[in-house]
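One chain, subunit A, links the two complexes that follow: it is found with subunit B in the first and with subunit C in the second.
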Partner chain A sequence: MTEAALPAPVTAPAADREQLVAIGFVLPSFVIIAGVFALPLVLLLGVSIVDANGLTFTHYKRLLGMPYYLGVIWNSLRLGLLTTLIAFLISYPAAFALARARGPLRSVLLATLFLPLAASVIVKAFAWTILLRSDGIVNETLIALGIIEDPIRMIFTETALIVGAVNIFLPFMILPIYAIVAQLDPRYAEAAATLGASPVGTFFRVILPLTLPGIIAGVALVFSLSVSAYVVPTLLIGEKYPTLATTIAKAYLLAREPGFGAAAGVVLLGIAIAVVTLSARLSREPK
Partner chain B sequence: MSEAAQHLVVRGVSKRYGPTTVLDHIDLTIRRGELVTLLGPSGCGKTTLLRAIAGLAQPDTGKVELAGRDITNVPPHKRNVGVVFQSYALFPHLTVAGNVAFGLKVRGAPKGEIDAAVERALALVKLGHLAGRRISALSGGQQQRVALARAIAVEPDVLLFDEALSALDRKLREEMQVELRRLLQDVKATAIFVTHDQDEALTMSDRAAVMNKGRIEQLAEPRELYLRPASLFALNFVGLSTRISGTVLAANDGKVDVETKLGRMSALGNFQAGSPVIVAARPEQLRLGEQGEANSAAGRVRSVVFQGSRTLVEVDAGAGESLLAELSGRDGTIPRVHDEIRLSWPVAETFAFPMDAQA
Partner chain C sequence: MNRAAIVVCWIMAIGLALFLVIPLLVIAAASFSPTPVFDLPLTGASTRWYGRIGRLDGFWPSLLLSLQIALLSTAISLVSGTLAAIAIARGKLPGAGIFATALVSPLMMPGLVLGIALLQGFRAVGFTAPWATLLVAHLVITLPYVARTMIAGLARFDFTLIEAARTLGCTYPGSVLRVMVPALAPSFLIAGIFSFLASFDNYPVSIFLADVRTKTLPIRMLQYIEEAPDPTLAALSTLILLGTVILLFVSDRVVGLHRMAGTSD
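Moving on to the complex of A and B:
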C-alpha cells in the first residue's frame, strides 16, 4: 500500500447492501427459469436453424412457403383468436356478476371457476367428446325431446373445437378481469354519471378503460393457451384441423424431424410473444 | 317564496334500507347561492340525503326539485349536479385536464369551449400548471382541488360535497375550508356539504342542518345553531355545554323553574310541571362568582385546560353533576385544580330540553 491510499469505507452504503439482498432473493428463481426455460429455448432455436451441414433455413422456408403449412398456422391463429374473442365476450359480464355477487352465491360461483382447473385438460376434452358425439348426451336428449330426428354431427367440427376450448380456457379470462372489477371503486361510475355521462358513455369512457389491464391479462393468457393447445384440437376435431401444436407433435413423434418441429415451435412461440407484447403495449395507457 | 328562494327543494323524502329508516320525511329548502351543511354523526342519513339529491339513491317517497324542475325520477346524468366525493373518485386513466374536461366532453361541447372551461376551472383552484399531470402524481390536497374543478367545470345547478375535506390533514383542511367558501361565493355556487365536523359546518355554511336518525333536528345559521340549539342533540353535537338534570317545578310564559341536585334553577323552555328535563348552558356563559338573577352552582375544580385565549375549567359539583366553564384570561384569576369555586350564568342563556330525547 502506498501512503496515498485512502482509508477504506467503514461500511458499505446501505443501498448497495439492499441491492445485494434483492439479488439474493431473485437468484434462485432466475437460475431455475434460465435452466429449464431459457436454455431449452435457445437449444430449440439452434435445432431449428442448424443441421448436419451447418446453418439452414429450409424448415422455415417449408413452414412459411407451403400453402399447407400456412393453413396450419392459420388454423392455430383462428383457434386462438376465436377462443379468445368468445371467451372475452362471455367473461366480461361474468366477471361483473361475480364481483356483484355476495355471500354463499359468490363462493359457489368462484368454486365453479376454480374446481375445473384442478381437472386435467384431457379429462375435460374427453367429457366434451362424450357430450357431443353422435350417440352422446346432447344428441340423445334432443332426439328424446323430439326436437331432432337424426343426430346432428357435432364432434369433430370446428364448433365443437371452439366450444370445448372456450369452456376449458374460460377461467383464465374471467379471473384476471374479475380481479380488476372487484377492486373497481363504484364511485368512478357515480362520478361519471353526476358529470353527465349516460350509462353507455360511462361504460366506454370509464369502466372499460379502467378494466383494460384485466382484459389484457385475460386475452394474453387465453390466446397463448389456445393458440398452442394440443389436447383440445386432437380430441375434439382431430386430423382435419392440423394446428402448429399437432404439427410439432407429429414432427417429433412420427416423422422424426426435430429440426422442423423446432421451427414450428419457434413460429408458435413468435405468435404468442407477438400477441402478449402487443397486449402489454395496449395496456400502457394512450396519451 | 320567489323562484330564486326555492333553488333546491326536498319535500317529504324518506328512504329505508331493510328495517332501517335512513331518511324520515326530510323537508329542506335551499336558496340559490346558499352554502348549506348537513351535519351529523355517521348513520344519521346525511350522506343518503346528499345521494338522493344527486340521484345516486332513489328515495322511497317524496320529491326533489332543482332549479324549478322536478328531478325526483331524473337519472343522475341528466340532473346537472356536481359531486365531490370523499375519495374524490378522480379517473386514474385520465390526466388532470382530462378529468376536468370529462363532464363537458360527455355533454358534447366543442373542443375550444372545453379547453377554455378547463383552463378557467383549473385557474380557479390554482392548478393550471398541473394540467398535464397524472392523478397518481398529485398530493391529497391537489386531488381535492381537481375534484372540485371537475365538478365546477360543468357549471352545475348545485354542488354536493360528501365529506370532501375529511381526508385532508387538519391544517390543510382548515385552510381549504376558508378558501373553498370564498371560491364558492365568488362563482355564486349553491352548495351542500355533508360533514360530521362541526367546525367545518360553522366555518363553511350560511345555514347548517343538524341531522339525527334520518331527521333534521335543526336548520339554522351557525350562530343561531350554537346560541339557540333546538334540541339536546343539537346542543351536544355543536359545541360544548354544561348539562344538569332536574324536574320542572313550575312553568310560566316560556320559562321554567327546575329542581336539580345542585339547587333550584331557571331556564327557557315550555314544559309542564313534573317533566324531567336537562338544563343546559354554553361554557362561555359561566362566570366566576355570584351574579344577581342568575343560576349558580359551586364545586371543586377537577381540571383546567389552557387553550390560548381561553381556559376550560371543569368543576365537580357533586351529586354526579359537573359544570364546564370557559374563562378568558381577562376574567381575572383562573382557578387551580382542587380550588372550591362558585360559577353563575344568566337565565336568558339557560335552556331546558326534554330528558327523554337521545343525547
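Moving on to the complex of A and C:
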C-alpha cells in the first residue's frame, strides 16, 4: 500500500531475483545443517540396523529386550523426570518474584542466573564433587548444625546426581518462564478477582494457562538436556548409574561396538524428538 | 497475588539465587586452599595453585585448540547464521518457518548422539583430520545459538527503515551500515558470546572426534578431574569463570541482562 502511494523511489528488484538472493543467503547454513547434522543422523540410523550381513535388529533386541538395558533406559528417563520436576517446582514461584524485582535487585538476581548458565558444565560438576565429599562443606555444615552426627556418604549417590543436575539445568527452566511472567498483565488477575474468582481459582484458571508457553519451553529444554546429560552422571555418580548417554560413550570409546552404540543413540534421539514434537504441539494448541 | 504467595515466591527466588551461586563460590574458594586437599572453610590462603596451571600435562596445546575452534566456528556461524536470519526475516524465502526450526533444532538434540553421528559420518567420507573435524562439528554447535538470537533480533527490526534511509539519499550499502548494523549489533554480540561459550565448553561432541594429541580443554579437564583432582583444577576453573564474568559484564553494559533474558527463550 505504501509502495503504491510513494512514487517508487527505488527500483524494487524482481520477485524471483529477491527469492534467489534469499536462497543464496541461507545456503551456507543449509549446507551445515543438512550435511553436518541431518545427514549424519540418518547415517547413524543406518549403522544401528545394518551390519556386515545386511539388515539386523540384534542391537535393538539387546537394548529393548534385556532387563539390564531397560534399567539403563529407565535411569535416563528417571534422571530427566526428577530433574525437570524439581527444577520446575523451584523455578515457577521464583520467576514471579524475579518479575516483580526492580532496579539493582533485579540485576543481581539476573546475574545469578546468567553466570551459572554461561559457566562451564565441567566446572560446575567439579564444584559439586568438592561440596559433597564426606569431608566437604555440606557434611561439615550439617554436623555443625547438629542435624547429623557422622558424615553421610553423598557423592556417588542418586541424591548427589539429582542435586547437581538440578543446579546445572535450573537456569534453562527459569529463564523461559520468567520471559513469559514478566510480560503478564497484572490486570488479568485483578479482573478475575473483581469478577469473583478466589485466589486459587485465579491461579489455576488465569495465571497458569497464561504462563503455560513458558512452562512448556522450560520443561522441554530441561528434560532434553538432563535425559541426555553425560558429564553430570559421570562425575557425580559414576558406574553404578548407567544411562543411555554413558552406554553410548562406553560402546564407542571402550567396547568398540558402534552398531550397539548407534542403536542406543537412536533411542535417545527418539526420546528427544518425542519431547520436541510434544512441546511444539502443546504450545500451538489454542488456549 | 496475596501476601503469603508473594513471600513464598521471594523465598524461592533468593534460595534459587544462592543455590546457583554456591558452587561457583566454592570453586573460587578452593583455588586458594593452602593444602592439596580442598580444605574448606579455608584455614589460610595460597596462590601457588595458579602458578601450577601451566604445568598441567598438555594444558597449553588444549587451551590453544579450544580457543581456535571456538573463535573460528563462532565467526563462521555468525556470518552464515546472520545471513540466514535476514533471509528468513525478509519473508521472501519459501519454507522459511520450517528452515528456521531446522536451524535451531540441534539445540534440543543430545550432544553425545550428534558426536557419534558425526564420527560415523566423517569416517564414511574419509574425513578424519581431528582439527578440521572438530571445527566442522562445532559449526553445528554454534550455528543454532546465532540463528536463534539473530532471528529473534531481526523479528523486531523494521526493514522499511532501510528503504526510508535510501529515500533520504543513502546508498544501499550505506543504509545497511548506518541503520541495520547498529540496530542488530546487540543481538550479534549476544549471539557471538553464547556461541563462543557453547563451543569452548563442549565435551559430548568433541570427545568422539579428538585423538591422543588433539584434545580440547574440556576433555583435558575431565581427564584431570577423574585422575587427580587438586586445587590446581579449581584455580583453572576460577580463571575460566572469571573470563565468563568479564564476557557477561561486557554484554550487560552493551545490551543489559534484562533484554538478554527476554530473548533467550
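Odds and ends about this structure:
What we mean here is this: the second predicted complex is superposed on the first by the 252 of 287 C-alpha atoms of A that agree within 3 Å, B and C clash if a C-alpha of one lies under 4 Å from a C-alpha of the other, contacts with A are read in each partner's own complex, and residues count from 1 in each chain.
Everything below uses one rule, namely that contacts are C-beta pairs under 8 Å (C-beta built on N, C-alpha and C of every residue); 3 or more make two chains touch, one makes a residue touch a chain.
This is a predicted model, so every value here is computed, not measured.
Using the contact criterion defined above for the overlaid structures, shared-chain residue A:36 touches subunit C, although it does not reach subunit B. Ranking subunit B and subunit C by residues of subunit A touched puts C first. In the superposition on chain A, A:185 contacts subunit B only, with no contact to subunit C.
In the superposed model, A:59 makes contact with neither subunit B nor subunit C.
Look at A:194: by the touch rule set out above, it reaches subunit B but stays clear of subunit C.
Of the two partner chains placed by superposition, only subunit B is touched by A:210; subunit C is not. When the two complexes are laid over each other on chain A, subunit A has residues 199 in contact with both subunit B and subunit C.
Subunit A contributes residues 2, 6, 9-10, 15, 18-19, 21-23, 25-26, 28-30, 32-33, 36-41, 43-44, 47, 90-91, 93-94, 96-98, 100-101, 106-116, 118-124, 126-131, 133, 135-137, 140, 167, 170-171, 174-176, 178-179, 182, 189, 199, 214, 217, 220-221, 224, 227-228, 230-231, 234-235, 245, 248-249, 252-253, 258, 261-262, 265-266, 268-269, 272, 275-276 to its touches with subunit C in the complex. Remark: subunit C residues 1-2, 5-6, 8-10, 12-17, 19-24, 26-27, 30, 37-38, 40-41, 79-81, 83-84, 86-88, 90, 92-94, 99, 102-103, 105-106, 108-114, 116-121, 124, 136-137, 139-140, 143, 147, 160, 163, 166-167, 193-194, 197, 200-201, 203-204, 207-208, 218, 221-222, 225-226, 229, 233-234, 237, 240-241, 244-245, 247-248, 252, 257-258, 260-262, 264-265 touch subunit A in the complex. Interface of subunit B with subunit A (complex): residues 54-56, 75-83, 85, 87, 89-93, 95, 98, 102-103, 105-107, 150-151, 154.
Across the interface of their complex, subunit B is touched by residues 185, 187-188, 190-199, 201-202, 205-206, 209-210, 212, 285, 287 of subunit A.
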